[in-house]
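The next part holds the structures, each set out as structure tokens.
What follows is a pair of complexes built around chain A, which joins chain B in one and chain C in the other.
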Partner chain A sequence: MKTMRIVAITVLCLTALTILGASYLAPAGYEQQFRETPQAGPSAHHPLGTDDLGRDRWARLLYGMRVSLTLAPLAALFTTVLAGLVGGIAGYYGGWTERCCKLLIDLFLSVPWLFLLITVRAVLPLNVSPEASVTVTFALLGLLGWAASARVICTGAKDLMKSEFVWQARAQGFSGFKLVRLHLLPNLRGALLAQFWISIPVFIIAEANLGALGLGVAEPLPSLGSLLRELQDVVTLRPEPWRLLPLAVLIVVISSFQALLNKQEVRA
Partner chain B sequence: MELLSVRITISYKDKPPVLDDLRVDLQPGEILGLVGHSGCGKSSLALAILGLLNLKGGKALGSIRWNERELLTLKEKEWRKLRGKEIAFVPQSPMSSLNPALRLGTQLEEAWKLHGQGGRDQMEETVFRSLLDVSLPAKEEFLRRYPAEISVGQAQRVLIAMAILHRPALLIADEPTSALDAVTQSEILALFGELNRRLGMSLLFISHDLVSAYTLCHRIALIHSGKIVECNTPQAIFFSPQHPFTRKLIAAIPTVPSASEVEESLRFNLFNS
Partner chain C sequence: MALMGVVSVFAQDGGELRFCLRSEPKTFNPLLVEDEASETIRYLTGGVLVRVNRVTLKAEPELAASWKVFEGGKRIRFKLREGLKYSDGTPFSAADVAYTMEQLMDPALHSSTGDAFRSAEGKLVAQVISLSVVEISFPAPVANLVNLFDTVAILSAKSPQKEMAVLGPFYMAERKAGSYLLLKRNPNYWKKDAAGKQLPYLDSVRIDIEQNPEIEALRFQRGEVHLINTVSPAIFEKLSADNASVRDAGASTDTEQLWFNQVPGSPLPAYKKAWFTSTNFRRAVSEAINRGDLARIVYRGHAVPAIGIISPSNKFWFNSGLKPHPYDTASALRRLQQDGFRLQGDTLRDRAGNAVEFSIVTNAGNRTRESMATMIQQDLRKIGIKVNVVTLDFNSLLERMTQSYNYEACLLGFQNAELDPNSQMAVWLSSADNHQWNPKQTSPATAWEGEIDKLMRAQAASGDEHKRKQYWDRVQQIAWEQEPFIYLINKDALVAIAPAVKNAAPSVFRPQTYWNVETLALTQAH
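Let's look at the complex of A and B:
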């Protein structure tokens, strides 16, 4: 178990360094086209070859990781905080507050979010920069993703409110925010963290799907999602296995996070 | 002059009242035992005195006078200043009454911060003093533990330490020993007696066990069908019980069998087999 931890920490440190040092490790940049050599195999110049537009895959992977692995966790954090807040308030107060919160949750669960995203993107001017579009995309994902987990948190909080240690805390004089912060949230930590970690890959993939509709990250900016989209072309994948690297990176990074998380969860 | 004087009718929803015009008084420094069947409304009374009854959907009518103040008309904000500071509570099941996600030290410190005044030094001093009061190790190592890492008896001691943190005038103990084994039970009872003598703290001891009430209390009140049927010193209750309910309870107390009884039952078993 300890080796797992060390491996996970090493992987995450390496990832962080790679993301930070993208401009040194891949001086070509993600948008420069090598027009003489499109769809090339791995070489000294291009460790992962080039894509059909002649762009260096290695550079695109590094910059894609930078975009996705920064913004997806941010969006996941936002979702988790929102879910904890709404679910926690609903579970703590119960009664009318709970009904109102549940109404809001149901509303968000039934919003056809794909259309909302399309609408929002349509409202944005066409010449908006790729950076702005990627931020808007993840912000929307974060804003729309909280409802389902808020329900889980609400139920959890309601159960906790009936537990004996919460009664004991009330008898000691705890109430309101202090009760929520000390007695509800630490005991909902597991559920909230699970929500957080589940959201990250979901958001990365959701962004990839949106990209397929032309709604995700705008070209030429790469993201892990847009790189995963290249895998759709299954036929050419077998002779070029290095193209699977974005997928491998995603899996390894997420599992490293989870390996660390499991260790901390042992107590609860 | 009474510390606490209760005249109360408690009912849940539209059902008939669990406690019907129950009257009980408590003197400063006194240990009063409330004894009755499970479900006779003993815990509802504790919740009413702590102002938490409405959260369980109960309704209290009548009056609870505490130090010349009427509690039933108190606002929630004023209740909060009272709970844990002047009136403290020790629960029935120690293990599930401690927050499993927080270290013992954190729980004690946060309980101090609710009503305590002063800096970190003051807090540490009070926490350690409370731990010593209940004969727990006043060590950093102990405070870093989680509730899952201590025994049930220790957990109950931690809860008592938490309750006496602010030196309340009244401690309400709701079946504090029913989740404990016989030895731990007698230790905790002894601890209550000692805290009462040393700190002059009044104790409302709620129990279904007449024997532990006998060893600890100055006065015992017996609750039956929503009323107090008998209230007297333990000696009077045990040796000249007046009410049929009291007699029934005393008759139900298990006794250590005498040598002749053991012999009798042995012979009976042999004869039958």
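Let's look at the complex of A and C:
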């Protein structure tokens, strides 16, 4: 387990350094089109070759990682905080409060988000920068993605409130914020972290799919999601392993997070 | 005819031809056809008086053995073939033609096929002269009259099966909603090959509904479908590499174009409206776009830079005096300077100092258009213009284009199914709904739009093809100079035809692969 953890921490540190140093590591701008060499294979100039428009794949991967691995965790954090608040309040108070919170959760789960997102895109101004567009997208994902997690947290909080140690703490006069800080939050940490890590890849893939609605990353800005869209075409996908690198990066980064999570869960 | 003889020697009769449609037909009534899927069914089942050969582009006799046009297209007389029967055995006569035309031109039907015949106010008169002769009179001359009958499937006036009784090579036998359509050989089809053998050779045609072109290509690779009418450049290259039978039939009549919103009542700021209504601005943008790169990179060489309204592949109607728009950023900047624009650093500014920035909207999910917009974005950066590429779902895009007019520039394409440009009346008349850059004008907003209106009306009212060509040449010239549409490319017609299909002669015109379906054959029973 210790080796796994060291590997995971190393991978995440390397990823963070890569994201921070993208502008130094990239051989060209992510938007620059080398029109004489579209769809080129790896070379000294383009370590991962070029895409259909002649843009350097390595540069696009670096900047795509920067966009997705910065905004997706932020959105996941936002959604986890919302889920923790709503689910925690529901589980802590129970009764009418729990019923109201669950009603809100059910409402959020049953709303046709696809149509809502189309409407949101329709009212957004057209002249927004790609950076603003992708930020709005992840903010929306964070705002809308908390309901399922809140249900899990609510169940966990409810179970904790019935546990013997909480009863004992109450008998000793613990209540309110002190009870939440000393007993509920530490015991819900595993569930909250799990919801957080699960949300990251879900949001990255969701952002890619939202491209079909006109939401998500606008050209020429790359994201891991937009790079993964290339892999959707089953017929035209060529047997060129370097095209799979965005997928490999996503798997490695998420697995590293999961490795850390497992360790923390064991400790919890 | 010689070709038909060859087929009868090498190809086997029978078998089931299979291909896919993107969606289900919206109607089986041939008079109400508007979508491509319904058009396919009409083509395969409907009997028409005249058929335009998709290779020679000449009108050929079908149900009509001959015809004669009078008064420059105001009147047409058809001599029909005798002894023909519908698929249900009902005899065919001149009364059926008269019945069909009356139905077609009934204003209550709202038939877009019928609209093409409406040259002036007034009623059509279809007079049955004998069992095999019918004369149709219109209130005014109709442009391209004979070829228009290519889209009129003749209904039976007497058959209890109504529009399901057909005179074409196949009839509708089976249908499973959302899944497939099965057409079977019409036993009463009238056409025979050179050896006197009754056509079609095929027993049936199975049409599967398949929305995803990637899955369609996979099924083609597996041999589950025989034909693909429109293949994307990427799939074309993949199938070519796998030695599949794909063909580039040459530049099609379809266009992809960019236009600026010139609607006076749009919610755009006044300075942007001034940019977009400036001919110099539009021509500068046009000259700054590298169309050669669009064709070479986005379409992988399977497209040609567009010159104007009409594709050079439409040889008769294309104005051969027009030259391709040059790719010349220096000339583009000179044009912009004439309108008071100046380059400050890497940003272009107008007279008032506003940085030139606009968005190009296109439909989400269309990779080729997204790629074109991204390339245009980089091209225009070179002359200091910042472009934001926005993809919208099609309904939102339509709402902005046709109702709120809340967009700046739009990148879309037109499918020009008709060779005769008269079908573009709905685009070029300033009062038309599809006059996209500034639709539904009560009077022409500019002098050149006024001139186009006059030319369009004159060509529509003339039965003399050479005069019409002169009018159209001038319309093309004006459109080339003013560039309300910045035409980008004419894409090639890329098709896939399985080796088992014999006698295929793909055309750049719809339906590309099965326009001669009655003579298509399969080498073995599939």
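We adopt the following convention: the second predicted complex is superposed on the first by the 260 of 268 C-alpha atoms of A that agree within 3 Å, B and C clash if a C-alpha of one lies under 4 Å from a C-alpha of the other, contacts with A are read in each partner's own complex, and residues count from 1 in each chain.
The definition used in the following text is that a residue touches a chain if its C-beta (ideal position, glycine included) is under 8 Å from a C-beta of that chain, and two chains touch if they have at least 3 such contacts.
What you are looking at is a predicted structure, and each value in this text was computed from that prediction instead of being measured.
In this superposed model built on chain A, chain B and chain C occupy separate space and fit side by side.
Touched residues of chain A were counted for both chain B and chain C, and C has more of them.
In the superposition on chain A, A:122 contacts chain C only, with no contact to chain B. When the two complexes are overlaid on their common chain A, residue A:169 makes contact with chain B while staying clear of chain C. Of the two partner chains placed by the overlay, only chain C lies in contact with A:235; chain B stays clear of it. In the superposed pair of complexes, A:44 makes contact with neither chain B nor chain C. Between chain B and chain C in the chain A overlay, the least Cα distance found is 49 Å. The touching residues of chain B, counted against chain A in their complex, run 50, 52, 55, 76, 80-85, 88-89, 91-93, 96-102, 106, 110-111, 114-115, 146, 159, 162-163. Residues 31, 33, 35, 38, 52-54, 118, 121-122, 126-130, 211-214, 218-220, 233-236, 238 of chain A are the ones touching chain C in the complex.
Within the complex formed with chain B, the chain A residues making contact are 163-165, 167-175, 178, 182-183, 186-187, 189, 267-268.
On chain C, the positions that touch chain A within their shared complex are 214, 217-218, 221, 234-235, 237-238, 293, 296-298, 357-359, 361, 364-365, 370-371, 373-375, 377-378, 388-393, 395-396, 399, 406-408.
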